[in-house]
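Letters are used for the chains, namely A, B and C, taken in the order the chains are written, and counting of residues starts over at 1 for each.
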């Protein structure tokens, strides 16, 4: 009895932990149960690679949206990743302390701004700019890519900064002692050593871009069609759900849950990859440390 | 000593310039977004805007009911997520060694953290709204957000608990404390700042969230009176006003209030908390 | 003088990660004396001290053989309470480890863990402990100040006071003066001379000089083996083992 009383907090904590992780099972279960029937009805191939999305005609093909999602998040990564990595190098290597003291909270604030505000800002500034100077309707892959690039910055910056700061001091000191310049040290020694963390940062950033809904809805145009240029409007997996959930019923609603399943699977694969890269990077470094 | 090769020096300058340019452009974008919203929105923000209910679908009147709705939903989410999140964190950090169970818990928490909010919205809709029959309501919205912020609270709390120096635990045990006494009297107080930061971060996410809330709490504009009433949060209200072009003026006002709230949550409370709690820890 | 034995270590071995760090150690520790365990790093001294109050149990993968008796009773007895043991055998760490709370709360931490103590009782215990540790005069006007605001030497004396407030029987100090200046060290050593009238004191000195200065009895440990033990005069005056002699004369270590 005494033993049980002593262990009681541990049992309660375990119970809380188990219920926390059951959330993942619950989410997976309910979305799959709701969305899977339509995939089996339509057929996975016709669902994933079908070119036509017309709920009124009971046509449910999401291939243009997959392409839209890929285009938008790839664009976001192309713009956001280099800037984000530069910022993380800036923070960990170049920034004077007083700038770091402003920059870090600023990045946190950037992460906190509601996505609808980003979307709105894009609608006011980016979309007209593209329409007037580059052509097309303005609501486009490019507009969404730019806004998403800004939105994934906090993820990319904070995770790559952490992995840069986690490097043993000797790496840097050793390289500088060999006569490398600061930038050479960063490029030749530090970035490769922090590779696993940076790659994980990029993957998680892309994951955020793929999953973002509200900002994208406002600026991507949402037309279900195959884009021909980055100035064309597209619809993404998330915006498909976001736009139609409000009025969808029956099979149509199931098709939106099925869209969610596809999104869910993509995100889970990206997450698992990022986690695997981070943990294998940690292990490799641990082994190196044991050797020395 | 040989002089540096010109190419090395040039690339040093180039790289430095590029990195500074990238960092500064990010700052400029951030400032541009905030300043623009504030310039357009601050003039709208006055006492009656904050205290009047919206009329005419939000075309006129204030945003009082959406402020109340946001507060209720956030409160429900935090009250539910905090005990589960902190409990899970204590289990991971204090009660177990690295093994298959901790790896499953951590994998699940990390995966939950990466799931897009729209998926939480779908789940909340089918589970809370439909399956559990809560309908579009503050309760359903709050519970959905609780699921969404749970991984944030777990992760920040676990980090904070692990950051407590081991010597504190040893000192406490060596004075005859049990595990539970050590956790309550020493580990928890030392970790509370990090834990509170995680909670504040979660509050910010709840206030800012749109996609997950619109499917689960609905978008009814009237003042909510019970947990089972549907409501419209500020973020949802802003989205509807702006995207349907109902009232740009009120949209800017709502956005400005959102930005101010997020700012206060991020910076203000953070400062207050660290001053309040650090009193005993400063050397 | 067998009745003066406080702690008896019987054929005690300690394994950490399957590596043996203490080998079949036998020793008797006497009441009202200062016994020091000294030797080079990784000799097993810290592990031994952490065994006496079973603090090693916080680490995983540990395993003990043999027995340790306090007043003739095994500390590993499954019916005995480990928290009671730790209140009986107080410990001061190498790094001053005040908790991030006020000076008063640090000293009151132990007494408050046991219920049924009135406020004035706790006040008395704290005051007496701080006086015994020669810290009362330094801090009596700022008991509510954070413990971290004290100097290193004061922090370590606070930790001694914190142990004294437990009203223990044995006090262990694990290289407790290693980070301190000579004046603080002298103050602590002076307190120890007074405290041994009342308590049994076990210390791991941070160097041979300190061991010579303050020990009544000494035990030399090397790579987990007890090389020799005896009164201070025996061990430092005429060591029987060549390795002890080499170590105290500074030939290695």
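What we mean here is this: a contact is a pair of C-beta atoms (placed from the backbone, for glycine too) under 8 Å apart; a residue touches a chain by one contact, two chains touch by 3 or more.
A quick note: this is a predicted structure, and the numbers were derived from the prediction, not measured.
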Exercise. Compute per-chain Cα centres, compare each with the mean of all protein Cα atoms, and return the closest chain.
Key: B
Quiz item: Computing the C-alpha centre of each chain, which chain sits at the greatest distance from chain A?
Solution: C
Quiz item: In whole angstrom, what separates the CA-based centres of chain B and chain C?
Solution: 47
Quiz item: At what distance in angstrom does the C-alpha mean of chain C lie from that of chain A?
Solution: 54
Exercise. Would you kindly tell me how far, in whole Å, the mean C-alpha position of chain B lies from that of chain A?
Key: 17
Practice problem: Return the residues of chain B touching two or more other chains; collapse runs of consecutive numbers into ranges. | Solution: 178
Self-check item: Junction residues of chain C - those touching two or more other chains
Solution: none
Quiz prompt | Interface residues, chain A side, partner chain B - complex | solution = 6, 9-10, 12-17, 19-21, 23-24, 26-27, 30-31, 34, 82-83, 86-87, 89-91, 94-95, 103, 105-110, 112-118, 120-121, 123-125, 150, 153, 181-184, 186-187, 204, 207-208, 210-214, 217-218, 238, 241-242, 245-246, 256-257, 260, 263-264, 267-268, 270-272, 274-275
Quiz prompt | Residue ranges of chain B touching chain A (in the complex, touch as defined) | solution = 4, 8-9, 11-12, 15-16, 18-20, 22-23, 25-27, 29-30, 33-34, 36-37, 83-85, 87-88, 90-92, 94-95, 104-105, 107-112, 114-123, 125-127, 131, 147, 150, 154, 178-180, 183, 201, 204-205, 207-211, 214-215, 235, 238-239, 242-243, 251, 255, 258-259, 262-263, 265-267, 270
Quiz prompt | chain B-facing residues of chain C, complex | solution = 53, 55, 58, 60, 83-84, 86-87, 90-91, 93, 95, 97-102, 109-110, 113-114, 146, 148-149, 159, 162-163, 166
Quiz item: In their shared complex, at which residues does chain B touch chain C?
Solution: 97, 167-178, 181, 185-186, 189-190, 279-283
